[in-house]
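Below are two complexes that have chain A in common, paired first with chain B and then with chain C.
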Partner chain A sequence: MSELLDIRDLVVEYHTEVGTVHAVNGISIQMKTGDTLGFVGETGAGKTTTALSILRLLQIPPARFASGEIWFDGKDLLKVSEKEMRSIRGSEIAMIFQDPMTALNPVIPVGQQIAEVLIQHNEITKAQSWEMAEKMLEKVGIPAARANNYPHQFSGGMKQRVVIAMALACTPKLIIADEPTTALDVTIQAQILDMMKQLKEDSGTSILLITHDLGVVAETCDKVAIVYGGEVVEYGSLEQIFDRTTHPYTVCLFGALPSLDKKVDMLTPIEGQIYDAISPPSGCRFHPRCPHAAEECSKKVPDVVEVEPGHPVRCLYANRFYAQNAEGRR
Partner chain B sequence: MFRFILKRVLLFIPTILGVLFIVFTINYYTPSDPVYATYGTNLTQEEYEQKRDEMGLNDPFFVQFFNYVKNAARLDLGSSYNNKRPVMDQILERAPKTLLLGAIGITITVVIGILCGIVSATRQKSGLDYALTTISLILASMPNFWLGLMLIIVFSQMLGWLPATGIKNWTGWILPCITLGLGPLANVVRITRSSMLDVIRQDYIRTARSKGLTERQIIYKHALRNALIPVVTVIGFMLSMIMGGSAVVEGIFSFPGIGAMLMSAVSLADYPLIMGSVLFISLFVCVVNLGVDILYGFIDPRIKAQYVTAKKVKKAAARNGKEGSLA
Partner chain C sequence: MNQIDNCLEVRNLKKYFKTPAGALHAVDDVTFDIPLGSTLGVVGESGCGKSTLGRVVLGLLDATDGSVVFQGEDITNASKKRRKELRTDMQLIFQDPFSSLDPRMCVSDLIAEPLHVYKIYKSGVDLEKRVADLMDTVGLARRLAYAFPHELDGGRRQRIGVARALALNPKFIVCDEPVSALDVSIQAQILNLLKTLQRDLGLTYMFITHDLSVVKHISRDILVMYMGCMMEKSPADELFEHPMHPYTKGLLSAIPIPSIHVKRKKILMKGEITSPVEPEPGCRFAPRCPYATEQCRKEMPVLVEVTPGHFTACHQVKGEQ
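Right, the complex of A and B next:
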């Protein structure tokens, strides 16, 4: 198995007072070393739950791993001991969180927050770790002299740089970035994405980029997984997803994007309510909102169809849509 | 930082003047007579008038208050009506014991309270958590004069382990310290617990976990300092309560401190002694509150930033380039 990360049929549920929330329903993804995988879906699709599952950071209970395996570098992360998991967190898999405003501890200087992860996973002295932390800060474009400053003395974009420096500190094999630019304004977004790309090239890590922004995906990723209702509905290379879009949901996502070269008065929203994870619809999970839904869709759970090599789609009519959409472009 | 402290110390003056004024006014209108309290009731009318004049009791209210403050500023707090000894001497003699009692009491409260709060929060909804919250609720609803008496009944009368009154040796300290510390302890447990529960749900705790830190490191290095911010506020309030409470507790256990002295001074209408004790207690509360505010700065850098003067902020900003401490 040459995959760095191999998630197989992961099922995660939350047991709450109002009922069982089916957050992740059999997600399978594979990543090779050096890949950047875009994990795209709307709010509540199960993206963050999947990410937190990889690091086993979900609060159990209410969360529960119902089934599935998460293989990372030859180990099933759902089976290893908590102690071994701790040695993986931060050193082999690191995470960049969505909101840099709250992701840093307000009462600890940022340098120390970076040095801490270095000390935890390397046999070094405090002074050495501090020196390395200063170097990491410089790498992300923050003067080393500011290592003594506290998070409240930084702007949002700079805080996210600190978070990234922290994630990169131990040169992990995999970085999970959970909407790293969502909380930032657009100019800062571009800076941060460029920086992540650059750092990735320097260190050769793989990135699992969680986002709902297809623009970000186009800019940074080489593989894309589209998630809906806790399932991967379409997976493929950037080119396959963007040029030979097959699943109706993915088509709808692109339809909802504003375009620079066409003047439109109204964007096309996706009709209906977002997927209800407590009482999921029967059959295909997207059928209540799908513009092409047939009667069959509400009865039959669609299988994964590989419309072309390396481009699986979870739809009953995958082949027809694939042909149509490929046709439409010609 | 120095300027901040200086400003706060100067603010002590109006605070203490206010306290003295209120206590002085209450004393002034209390229907007991200092002359009789000092010299007994066997005086002729003439002698009585003479003594009254000597003691300055015929002066107008504000003149009397002004004279008291003037003398107090020269550390002359007058002499006790009752045993005729200078109030200052009596305070200096008794203050160390009261301070030690308060210090032990607050240490019990803070150490046990915070530890129980952490345990309660990290094992939320466990049997231990329920037990601790129930016990602290019971403790919080017990007034300390009642608790002190119950402790005397159990440990002195029934078990005979500890002396009921006095401090002939260290065993005499145990019951007063426990009585003083136990009531506010409940508050510290509850505040620490709720503040800790709030903090361990914060994003930065998840960040700490994602770095591979152990649970112990997460709780004591990352969560506790944040959780302590509201706890320190409460401890500041509590210290004044403890000092007030020490009057009652010292009275119960006949503990030779300022509190017991204040209690007996009140029952004997010994005004100089009352004023002196209150002055001491309020000064202590002021100092402790200042200490708490300084401690705040060490726990929370965001608050410390406010203590720094505007000039320094600008300087730091210039040193750090475009984004300084103002951001």
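Right, the complex of A and C next:
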């Protein structure tokens, strides 16, 4: 009832010449109002496909919703009419892409672009919308005097701020941000993340933050879903994921990072190749790369095990790893 | 004697590009040594001149001023012929292995290409053997010899890039963001490979990146650049323990740490980086620096060795000493 977003067993495929791409294979996630959920995984894990599914922005074909439901604020988004979906996009769910130019029109001044969004969603005059647009720009740290500038007159970080201002312009309930800071420098990333946190505190908007950076997750999210091969392999609070890490894939992800405070000679990579969505492995999708894989792992598809309340893990030996890793930390 | 221990000695190197708005100071007075067999990390944000520095050092771009000495030889104004010879000793690994590889060539042809160009082997058998050896060295399974780049993941494509760079037995390699396009699990594979090769073959690296945890892991010394200028240079651990320049401090504090127990205070730097076209006389960082004074805006600070091996260019740090 109190779930704002409830994705149940979503399965999405792409039908291509070389075969069926199993991009999303039964993803379930829940978000409550005010949550910031970090959606973490490597290239090809199915993060963007999931995000675009929520907004129904996937091109069909090649994409196909094979099964599942996406409940948002009491509606199954996969069932609502295209007209209704259009009004949800922008006014209730906004999306921020890695490349700000996806959302910006190069030949319209940024202030006008924000004003147009405002007019679409509010009963206001043009003059009012311009005034509000200037306020939005200041809120994201861009002087109102630059409202007349075109996107190319801004740096990458500033363009992304404009996109965030546009996303916020219609006070959405949910913002989906797909790697919003990946293309930016760390100091600019720090500014943007700080701003997003501030704006969230002010407006209570929920954020689904897609990223591959566990550092970004630690600083901005309160819940985390770790995705591998189109499945959520581990889900939990920040504390559960960072301190009681259970799934071998999550453990490996942390282990592969160069650390700033420990000195190691060699890093610990994850062996093998990234998940192949066209011919996924049998059994557990991570088993070919898993340092603990047993015979069984290639045969049996693991169920989700709740190792502690609110901490589901998709692994045959979840309970054992949970106990072991808890021991190791003592 | 110093010259023998250093693979590379760069002095007051400058590269200015002509632009319609005036000279763009992409690299402005950069000085450093890289001892044989070690790694110098070059960090800084987009546009600060890292790639340009790498290209000038390799002679792919002409220097505007200053000098580059490679193994005791001043190569700043080397002839075309000498440059080509130097290519065998000095190599480059790029960020995006995909865009730098010809999509119509298979793995073994791609690795053989530099050997062909330099006519290293007369017999096809020797060439084939060398290609197979290189594939072993970089960890590419021999069954992939006839695969095409688009059939491989980013990690394997980068291994091709490494094999190509190694083909001519170089002594020095500029690695320009070699792992920036890779996932962490694959990034770790490539970083380990580069470290192992350095140890086994005695290679010297200049490692360009904007990722500070990567640079700390791989480098012996680190050079921090901002808008073409050197802000700080120090042994890697020392830089992270005692950063001196306000820019370095801000940069380090901005790294998101993957832990929920480390809580650091972020120094949020205001403003944006602009490009150094006909820059003002003062410190390049002054417009964004919280400690900037009149002096900082008027006078470019010089690089000073504040503690042994640790250099910084900042009026305020010098003032403290």
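Following the convention adopted for this analysis, the second predicted complex is superposed on the first by the 327 of 330 C-alpha atoms of A that agree within 3 Å, B and C clash if a C-alpha of one lies under 4 Å from a C-alpha of the other, contacts with A are read in each partner's own complex, and residues count from 1 in each chain.
As a working rule, a contact is a pair of C-beta atoms (placed from the backbone, for glycine too) under 8 Å apart; a residue touches a chain by one contact, two chains touch by 3 or more.
Computed from a prediction, not measured in an experiment: that's the story for all the values here.
Enquirer: Both complexes share chain A, so when I overlay them there, do chain B and chain C fit or clash?
Expert: These partners fit in the superposed model.
Enquirer: Which of the two partners, first being chain B and second being chain C, lies in contact with A:Ala323: first, second, both, or neither?
Expert: In the superposition, A:Ala323 touches no partner, neither chain B nor chain C.
Enquirer: Using the superposed model, measure off the angle between the directions from the CA centre of chain A to chain B and to chain C, in steps of 10°.
Expert: 70
Enquirer: Report for A:Glu239: first if it touches chain B alone, second if chain C alone, otherwise both or neither.
Expert: In the superposition, A:Glu239 touches chain C alone.
Enquirer: If you stack the two complexes on chain A, which partner ends up touching A:Leu214: first (chain B), second (chain C), both, or neither?
Expert: Only chain C is touched by A:Leu214; chain B is not.
Enquirer: Contact-wise, after the overlay, does A:Gln120 reach chain B, chain C, both or neither (first, second, both, neither)?
Expert: So A:Gln120 only meets chain B here.
Enquirer: In the superposed arrangement, does A:Asp265 touch chain B (first), chain C (second), both or neither?
Expert: second
Enquirer: Report the partner of chain A that touches more of its residues: chain B or chain C.
Expert: For chain A, the partner with the higher number of touched residues is C.
Enquirer: Between chain B (first) and chain C (second), which does A:Val301 come into contact with in this model arrangement: first, second, both, or neither?
Expert: Neither partner.
Enquirer: Can A:Ser155 be said to touch chain B (first), chain C (second), both, or neither?
Expert: A:Ser155 sits against chain B and chain C alike.
Enquirer: Considering the aligned complexes, could you tell me the closest Cα pair distance between chain B and chain C in angstrom?
Expert: So the smallest C-alpha to C-alpha spacing between these two chains is 6 Å.
Enquirer: Could you give the residue numbers on chain A that contact chain B in one complex and chain C in the other?
Expert: Common interface on chain A, chain B vs chain C: 155, 158.
Enquirer: Once bound in the complex, which stretches of chain A touch chain B?
Expert: Those residues of chain A that touch chain B are 55, 57, 86-91, 94-95, 97, 99, 102-109, 116-117, 120-121, 143, 145-146, 149-150, 152-155, 158, 163, 166.
Enquirer: Which part of chain C faces chain A closely enough to touch in the complex?
Expert: So the residues of chain C in touch with chain A come to 45-46, 153-156, 183-189, 191-192, 195, 210, 212-214, 216-218, 237, 240, 250-251, 253-260, 262, 266, 268-269, 272-273.
Enquirer: What does chain A use to touch chain C in their complex?
Expert: Chain A residues touching chain C: 42-43, 155-158, 185-191, 193-194, 212-219, 238-239, 242-243, 252-254, 256-261, 263-270, 273-274, 289.
Enquirer: Under the definition above, what is the set of chain B residues touching chain A in their complex?
Expert: Where chain B meets chain A, its residues are 202-204, 206-214, 221-222, 225-226, 299-302, 305, 319-321, 323-325, 327.
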